[in-house]
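Two complexes follow with chain A in common, the first pairing it with chain B and the second with chain C.
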Partner chain A sequence: MKAVGSRLLQLVVLLGTISTTLFLLLRLSGDPAILLAGEGAGPETIAAIRIEYGFDKSLTEQYLIFIWEIIRLDFGRSLVNSQPAFGFVLQYLPSTLHLTFLAIFFNSVIAIPAGVWLGAKPNQRRRQILSTIVSVTQGTPAYVIGLVLIQIFAVWLGWLPSIAGTGTWAWVLPVATLAFALAPNLIRVVAASIEDTTRQDYYRTAKANGAAPNILLIKHSLPNALLSTTSLLGAQFAFLLSGALITEFIFAWPGLGLILVQSITNLDFPTIQATVFVVAYLVFFVNLIMDQIFRFADPRLRRSQL
Partner chain B sequence: MRHKKILSATLSIAMSVLMIGASQAPVSAATKTITIAVPGLPPSQGNPFKEGPGTPGIHTYAAMFDALTRVDNKGVVRARLATYWKTINSTTWRFTLREGVKFSNGEAFNADAVNETIDFLISADGRKTVIGSTELPDVTGATKVSEYVVDITTKTPDAILPAKLAALYIVAPKAWKSAGQDVFAKAPIGTGPYKVDSITTTRIEMSAFTGSWRSPKADKLVLIPLRDAASRLQALQSGQVNMAIAINPDQINAAKSAKATVISVPAPQVMSLAFNVTAGGAVKDVRVRQALNYAVNKEAIASNLLAGKGKAATQGTTPSVLGYNSAVQGYPYNPAKAKELLAAAGYEKGLTIAADITVGSFPADDLIYQSVKADLAKVGVTLNYTTITFAQWLPQYNANSWKGEAFGLSWNSAPRGDASRPYAIFVCKPVGAFYCNAEEDAMVKKTALELNAAKRLALLKEIAVKVTASAPALYIVEQIDLYAVGKGVKGFSAANRSIAYENIYVR
Partner chain C sequence: MSKELKNLITPITRRRMFKRKNRSLLTLRISATILALLFAIAIFQPFFYTADPAASDLSLRLQSPSLGGALLGTDALGQDVYSRVIAGFRWSLGIGTVGTLLGCLIGITLGVSAAWNRKRLRIILSRVIDIGISFPYLIIAVTIVTVVGRGFWPLALTLGLVCWPTIARVVYAETLTLREREYVTAARLFGIGSIRSIFTHILPALRPTIQVVAAFTFAELLIAESGLSFLGLGAPLGTPTWGNMLNESRLYMESAPWMMFGPVTAIIVTIFAANLLGEGLNAREQSRSTRVSQ
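Moving on to the complex of A and B:
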């Protein structure tokens, strides 16, 4: 209970810091009234727009209004499409969650077995070949992976669509792009963790007591290796929630990343603020869940809370 | 051994998922649906007044709305919802409207519809829109003369009001009034060939409006924004879209190998680096500005970076624009003359120029700026440019608060196709003037008031001579728009970026 209270306090501090930083950064980035008025607009037009959207008020006044609106989860209306910004952003959340969960799932399905295989006997020649492939892939940007996958599966083979919303299977290529982009990192972490456990006393004791290789791997190496893996998966999950920007661009995937970039381009303050807040909430809760998983999985953490 | 089995099983499951997807993927659209990949959709969705008259709005609005007029690729004003127009007095134009036209919700198009649109345009809300504030700020009202005749008045005489009205889309009056701007934006009603089924930020789906006076040949039209040019091309190559708008010159061969036809349409725009003359510095000297123009090999840029489809710019307008002067030869590549002029201006040891530019608006614009920089370096001029966003560019442009001597600027004559539009930028504005030449200013003002077409054209051509000689900008290239039209697509044409959607169909 104490831990939950502490976390909630952290959430309040986090959101307060984000909101203040966001408010100041956005006000420093330019005058949205000018952008709304367009090229060559006269001062009267710009002034009228400024009054309409409240940009004529003092910075303090704007800040207080902003904070009050945030408390009520009212981020105002989008400056370009006039829809309530919070609702507008929430429309795109399922899309991002869809992409995120599938990408994490396939990333885990590919990377964890591959990492285990690689870490169990790292000096075997064929495993070294995989290790080299993983290193090369890790340096390949998601943009290139996406374009290569589209070229192979959409253009050459004609098997899969590459544009979001064009069919039941439109998710496959964006998910594959993200999974392939994230997997190398996870493979390396799993492999390194597995390899590390083989040097631990408990592992060597078990081995000396004659435990079978499979038992050693499954009972002694894997549970410990998965702790660091869980930590990375949590970070990757949070990263995807903030919008897999490049992937969303290439596949026209209607997610938070795409909305965020569009709103930044148009200096659409309400939408930027609503998007950042939705992402901040999600990342916070993902971290909260990861904490609980750690606590459950690692007896040392459970003891430290006693 | 067991690990091997686990790995093998995992890979099999992953491949199976991909294969199942493969067998059911809807790779191509139905034959009577035209699907087009566009670089973007208008952020203000179906509200045609909040967007400027260029991209991305024009790719969308040309399908659902009509203006009173349109301007063709030769700068000639053609009939659209108005069939005839004439001046009544120096500040009033009378428009005769097309009869029998319906909006997609069944409302009749007539003088009341024009009045309703103009009434909004001149209202306080209308003046806050881009069309009301920057495209048609001088329109003061509309008066119904009869069911199909309407008078439109302006503050001062306006010789090219019919051309300017090509930027004003007429909305269904009852729908506009009852829905209000915001709701209308989600369900726009116009007289164009397609009516909107749904609008999101990632797709616009439209159905044929068979009752349109521009009745379409296809059943459905889908616009999909793919911001990345490579993605647009791949979508075309894979048959997921029928057309890709704005591909890059270096993608022409790839598009052709997918059996697409690449159509190059000259854009009424000249890419340039405008000089901040009023701020002083080296560019205040006309010899420096001329030298910079001579120093850049524009022919090579057009040939190499625009795949030979673009042309070197000789002046601030293009041949398709009314007022273009073919007698003006501009500044052919002559680095020796550039050095000579720089020396005469006291810069024989060279100089450094700072500029702010935006990229991504035109084909190969980033490469073009690099090429300009390299050419200028050959005559001892160091061009230090900074790439900024449009959101950063606009306030500096409006207030002329540039820190450097130059900035990227497109001489845009669209959609009115008239040279007066870009020339009006290079005048002694009370706020934000970056160039001011009293003589040229007087000529531009005189042109605005001249209602005699022949006299006005002569004036515009005279301005072309004067302004080009003054070199207020480094004219680089006449821009192009590249459309990749997929196999089987027929009837494509575009003028001033406005696509004639009604004629397009898939065989």
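Moving on to the complex of A and C:
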């Protein structure tokens, strides 16, 4: 319970900081009414917006109103389609989550076995080839991978569609892009932690007791190695929510990322804010779930918190 | 005899130590050379141009790469892709450098203060660092850039302002162990004040750690910067940056795939060199610390 409380406090501080920053930036950067109205708006429109959003009141008053609205999850109406921004953003959440979960799934399916294989005997020549590939590809940004995949599979070979919404096959490239972007990092961490367990005393004892190499690897190394892997997966999930930003943009994938980019291009501040908040909530829940998984997976943590 | 067995049996001779040390030194040298070269391109870019990167000639639009004409082809406005890639170096490396410096400044200040103070400040600051680390900073950067506008300085400062949590976390952990060292305690007993001790004892000892994390941050900021430009949220439209060029190339993937190759190669090479530098520095640091403990 204490863990949940401290996470909750973190969330409140984070949201408070973000919204205060946005509030101040929006007011400091000139007349927000003009910014919200967009270029070429007449004086009547600007005046109407000023009253509608309460820009005629004092700064403190505005801030208090703003915070109160945020607590009620009322971000105002989208400036583009005048739907309530929060609900509008929530519509796009499932499709992002879908993409994220699939990417994490395939990422783990590729990277964990590869990492275990690599970590078991890191000095073998053919495994060093993989480790070289991993360290070269590790920093490659997702959008570069996405563009190259589109170029190869959609343009040259014509096997796969590159635009979302054209059936099941449309999922392949976005998921592959995200999975490939994440895999090198995960492989490295899995390999490093497998290698690390082989230096532990309990591992040596098991080995001395005559455990077979595969048993050693699966029963003694893997569980401990997966622990650090889980924490990375949690971080990767949070990263995906922003990494998917660009991938969604490339594949015109109707998700949070695309909404954020569009609303930024349109200077649609209510929607921008709502999206940032939804992402913050997601990160909060992911961290919360990760905490619980840790407590479940690592008996040492469970004992220390009792 | 298998190689691994042989490694186990042979004692750690000077020769083997030398070999291991050499490998990390080699990584360091290669990556530092590549980066120095890239920075040289960024600084002396006019010497590398084959054409004016801003000059457009519609009669030469979408030319494929050729040795006689445009080295990497031309884009939809007839601009020379090669020269624009070269021009992108100054933008990307500049933003990466400024952002990393600012991020290091904030990160080191917060990390050291959090570790040096034993009271409430530490609790507050380490919480702040935790929060900062858990949230994907690109999202915050995107939002800030929307308000403060596009361009070199807004982008560089924004990225610097959001990238500090990792640096702070690493510096915090390292300072915690450093402050318990005998020489730091001795200095305190001699009555040397906190500020002076931080500057003369902690910061110099932090240098290797900071170098490593700065190299990785630099790589990360390059990704973030070109990503933002790619989304059309970073560089002003038409500026020769890699992100912008990639964004423009999306429309011509079929007819002019070469528009993509230049910027993609530049991004991958630069990021790879920066990551390699971080790894080389890290390996050197680890080989040093094992030598000390042996």
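Assume the second predicted complex is superposed on the first by the 258 of 306 C-alpha atoms of A that agree within 3 Å, B and C clash if a C-alpha of one lies under 4 Å from a C-alpha of the other, contacts with A are read in each partner's own complex, and residues count from 1 in each chain.
In this section, contacts are C-beta pairs under 8 Å (C-beta built on N, C-alpha and C of every residue); 3 or more make two chains touch, one makes a residue touch a chain.
Every value quoted in this text rests on a predicted model; they were computed, and no experiment measured them.
A.B. asks: Touch test for A:I250: chain B only (first), chain C only (second), both, or neither?
C.D. replies: Both partners, chain B and chain C.
A.B. asks: With both complexes superposed on chain A, which partner does A:A238 reach: first (chain B), second (chain C), both or neither?
C.D. replies: In the superposition, A:A238 contacts chain C only.
A.B. asks: Touch test for A:G139: chain B only (first), chain C only (second), both, or neither?
C.D. replies: Only chain C; A:G139 stays clear of chain B.
A.B. asks: Touching A:T265, do we find chain B (first), chain C (second), both, or neither?
C.D. replies: both
A.B. asks: Should A:L130 be classified as contacting the first partner (chain B), the second (chain C), both, or neither?
C.D. replies: Touch status of A:L130: no partner.
A.B. asks: Touching A:V283 in the superposition: chain B (first), chain C (second), both, neither?
C.D. replies: Second partner only, chain C.
A.B. asks: If we overlay the two complexes on their shared chain A, which of chain B and chain C does A:V148 touch? Say first, second, both or neither.
C.D. replies: After superposing on A, A:V148 lies in contact with chain C but is clear of chain B.
A.B. asks: A:L22 in the overlay: touching chain B, chain C, both, or neither? Say first, second, both or neither.
C.D. replies: A:L22 contacts chain C only, not chain B.
A.B. asks: Common interface residues of chain A with chain B and chain C?
C.D. replies: Residues 29, 147, 150-151, 154-155, 249-250, 264-265, 267, which sit in both footprints.
A.B. asks: Chain B touches which residues of chain A in the complex?
C.D. replies: Residue positions touching the partner: 29-31, 34-43, 45-46, 48-49, 52, 80-83, 106, 109-110, 113-114, 116-117, 120, 147, 150-151, 153-155, 157-169, 172, 176, 214, 217, 249-254, 258-259, 262, 264-268.
A.B. asks: If you look only at chain A, which of its residues touch chain C in the complex?
C.D. replies: Going by the criterion above, the answer is residues 9-10, 13-14, 17-18, 21-22, 25-26, 29, 121, 123-124, 135-136, 138-141, 143-144, 147-148, 150-151, 154-155, 238-239, 241-243, 245-246, 249-250, 260-261, 264-265, 267, 272, 276, 279-280, 283, 287.
A.B. asks: Within their complex, state which residues of chain B touch chain A.
C.D. replies: 2-3, 6-7, 10, 13-14, 17-27, 37, 43-45, 50, 52, 124, 127-128, 130, 133-134, 137, 181-182, 185, 200-203, 224-228, 230-231, 234-235, 237-241, 258, 389-392, 394-395, 397-398, 425, 431
A.B. asks: Could you pull out which chain C residues touch chain A in their complex?
C.D. replies: It is residues 3-4, 7, 127-128, 130-131, 134-140, 142-144, 146-149, 219, 223, 226-227, 230-233, 246, 249-250, 253-254, 257, 260, 264, 267-268, 271-272, 274-276, 279 of chain C that touch chain A.
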